[in-house]
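Each structure below is given as structure tokens.
Both complexes below contain chain A, partnered by chain B and then by chain C.
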Partner chain A sequence: MSVAQIWQKNCRLVFEYSVRTLLLRKASWAGTLAFAACLAILFPFAFGTELIQKAEIRHGAFWAINEFVVALSVARLFSVESEGGMLEYFLSTQAHRSALLFGKIFYIVLYLLSVQVPLLLMWVVFYNVPGSVVASLGTRIVPLLLLFNLGTGTIGALLACVTARSTARDILMPLLFYPLQMSVLLAAVSLATLSDPNVVMLAGTSEQSWWTVMLGVPVVFLALGVLLSDVLFQE
Partner chain B sequence: MSLVHRDTSFSLWSKLLFPAVIVQLIGWYLGLFWIGADKDQGDVFRIMFVHVPVAWCAFLWILCAAAFAILGFMKKSLFEKMDQSAHAAIDLGTVFGALALATGSIWGRPTWGVWWDWDPRLTTTLVMFLICCAYHVLRSFTPDVQARRNAGQIVAILAAVNVPVVYFSVNIWRSLHQPQTFVRKGSSASSDIGTVLLVNTAAMVILSVVLFNLRRTAVATEEALEAAREGKQQI
Partner chain C sequence: MGQGDHTAALKCDSVELRAGYRMLIRNFTLALNCGESIAVVGPNGLGKTTLLRTLCGISRPYRGNVYLGSHMLWPEKSEGCTADVCFLASQPALFLDHSVDSNIEFYLRSIGRSVQQHEIGKVLKLVGLGDRSSQTARTLSTGQKRRLTLAFINLAKPKIIFLDEPTNGLDSEGISLCLETLETTRKSGSGVIVATHDQILIDWCQRQVNLKEWAR
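On to the complex of A and B.
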């Protein structure tokens, strides 16, 4: 087997292991979805039920909920492994560290998507999103969600490794995560709002620049992840 | 035997303090009395001779911190020294970042009518500052020295990713902040302003180099003390 094939196999194994663990612990997924639902209910009360109908607020609320969901999910990215002692096992194997990281990133992208699908339905219902908005979002929502998950998931995975040996992870994770992923959130909100037929003009820049940000962030942080993978994962 | 060896490089660099202060005083004199008031902004624009140099120093030291971190990872024999240098550089990046935000805000109030605006340049600078703050929190919450060094160096690299975003934000997004005035072709700024700005920037850079060496020595001393305390506790 070539090095690339071994790497691919390791990556797939980590991904499959994470998915299987998730299937065994469905309460974790259900808990995340319930948390998202709580936030979806919270925002109309925070902004007022009238204001939440405004296109900009509506889109902003959806991505802000996603943001909190990502923060919660990435903070628990290695929790199952560290609780069960599997992390030491992973690290003691010959598997390349970047394969471990990529396996976990692919897993978190899929995990977030699995929460976002029902969340999207909740958002359409709770926020009375008009059919025209849903139709206009239709073509771009999947690439948007995937790129958003990949960007935030990569940053989150890197930070989960960085803060693994810190005593106050619950403080450190959001403190590092929110500033670093701000550009992804900004780009996602802007692209979603731009597609809304009810929004006349959005201050800012062209659609192309925002897509560049959405694509650029995962590329930069994935590259950093590969380069720093040996340092990120240490026994 | 003394705990900390006398650092000869520090003594050498500290000699730069006097010329730095002299050049800075000349720069401030030129900025306050030699240059005339701006026809649009009046005397308010003079704060630029502090704001621009401190912002440049913030960029410089955050980039230097990343360079030290990369060097540390590449050359294991220099790892400890490079970590101390990266720590000192991030300290300076934090202080200069805070000063850039504060002076920008003071300038913004009479010019834009607000202390703060969610403009791309301002927002990205704030993000850069927050990442620097997170670096310090991360270090103080990571008790294991090796893990602290690794995590700190990774965050120093991550912080530098944001520097080009801050720098080019005025070009990428439509911004309230003016674009790069002196780098652009056909710049509207007079050569006198450019000269005074250059003097002030040079002074601030020299001063920051002196401060960096002071801080690096302090970091090394703190670490030596910490190691000595831990050694004493173990005995």
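On to the complex of A and C.
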């Protein structure tokens, strides 16, 4: 079997077992969704029901909730493997470490999307989302969510690998993650608002620039993941 | 890979290990042949576990070279270094929410083995887990978790096995089972390195390496 085939098998194995663990531990997924739902319900009260009619906060609220979901998910990306000692076992099998990284990236993209799809429906209902935005869900918001998840998941998984076995993980993760991920968040919010004809956010920056950020971040961090794979999980 | 094959499965030379700034061992040299068993002994805190973790590629040594077969593992891992090696820590590594069967499947797939279901059932029965294949790993006792890892060794027979205190939590029957499993695996050509304080296990090993000799 070639090195590429072994890599592919290991990547698939990590992804498959992460998904299977998620299905077995439904409570953590349901908990994240319940938390996101609470935020979606509470935000209108915090901003005032009149303000919620305004498009300015509609998009910001949606992506802010997404950011909370990301915070809950990314920090715990390797918790299952670390808890049972499987991370060390897997590292000892000489499996390529980037296979572990990529398996986890695919998993986190899927995980975030599984929370975001029901959240999107709640958002449409609770935030009086206009028809033009609803019509663009499939053509703009969902692709944006996928790219947001890919960018966020790539940065998150890479940093989670680096900090997985560090004693300062709880401090290091947010310190490193948020400054890097902020560009993806800003790009996602800006591009999402373009589907709303009445809103102009972060004006002065072209749509193309934000798309470059959305597409460029995953590419850069995936490449970094491959280049740094030998030092991932290094103690 | 037969019993008479004496190609070095693992070699290391001039290895220096540190815990933070504290030196544990230095100039450590070892060669493990296929079908050989070595006991790594020494007082607590001397670096037995750290040594095993280094030799299997988890931790980086401060200095020195480690080779798996003809491939370099440390300081720079060479391309194609994919020897089937596994490290079984003092706490059995498991997906706690998964069943016994699912854990065995992961173990086997992670080193590219595929074994028939009836073979798995037979080995689980042998290690006393025959009726627990669908039980969640979290609900197994420490000894049963250890038996599960023994089932994996029995099924997979990796080229090199690193075991850290493998008899911890096992009853006398479990210890006999552990020795039987390791003996079968060794005879099939696997190299076995065990870090242990258990005299029965030390006596079973063909060679002993006392880390005191390399301590600073």
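The criterion applied here is as follows: the second predicted complex is superposed on the first by the 221 of 235 C-alpha atoms of A that agree within 3 Å, B and C clash if a C-alpha of one lies under 4 Å from a C-alpha of the other, contacts with A are read in each partner's own complex, and residues count from 1 in each chain.
We adopt the following convention: contacts are C-beta pairs under 8 Å (C-beta built on N, C-alpha and C of every residue); 3 or more make two chains touch, one makes a residue touch a chain.
Quick caveat: nothing in here was measured; it's all calculated off a predicted structure.
A.B. asks: Just chain B (first), just chain C (second), both, or neither: which does A:L13 touch?
C.D. replies: Only chain C is touched by A:L13; chain B is not.
A.B. asks: State whether A:L228 touches chain B only (first), chain C only (second), both chains, or neither.
C.D. replies: first
A.B. asks: Output check: A:P143 vs chain B and chain C. Expected answer is one of first, second, both, neither. What do you get?
C.D. replies: Touch partners of A:P143: none, neither chain B nor chain C.
A.B. asks: Once chain A of both complexes is superposed, is A:T93 in touch with chain B (first), chain C (second), both, or neither?
C.D. replies: In the superposition, A:T93 touches chain C alone.
A.B. asks: Could you look at A:P118 and tell me whether it touches chain B, chain C, both or neither (first, second, both, neither)?
C.D. replies: A:P118: touches no partner chain.
A.B. asks: Does chain B (first) or chain C (second) touch A:G48, or do both, or does neither?
C.D. replies: neither
A.B. asks: Just checking: does A:L24 make contact with chain B only, chain C only, both, or neither of them? Give me first, second, both or neither.
C.D. replies: second
A.B. asks: Determine, under the contact definition given at the top, whether A:S209 touches first (chain B), second (chain C), both, or neither.
C.D. replies: First partner only.
A.B. asks: Which parts of chain A are touched by chain B and by chain C alike?
C.D. replies: Looking at chain A, the two contact sets intersect at 234.
A.B. asks: In their complex, what parts of chain C are in touch with chain A?
C.D. replies: Going through chain C, the ones touching chain A are 53, 56-60, 68, 77, 79-89, 91-98, 102, 106-107, 109-112, 137, 162.
A.B. asks: Quick one: in the complex, what on chain A touches chain C?
C.D. replies: So the residues of chain A touching chain C come out as 1, 3, 6, 9-10, 13, 17, 20-21, 24-25, 80, 83-86, 88-95, 230, 234-235.
A.B. asks: Within their complex, state which residues of chain B touch chain A.
C.D. replies: Residue list for chain B touching chain A: 73, 123-124, 127, 130-131, 133-134, 137-138, 141-144, 146-147, 150-151, 153-155, 157-158, 161-162, 165, 172-174.
A.B. asks: Inside the complex, what are the residues of chain A that reach chain B?
C.D. replies: For chain A paired with chain B, touching residues are 158, 162-168, 171-172, 175-176, 178-180, 182-183, 203-205, 209, 220-221, 224, 228, 231-232, 234.
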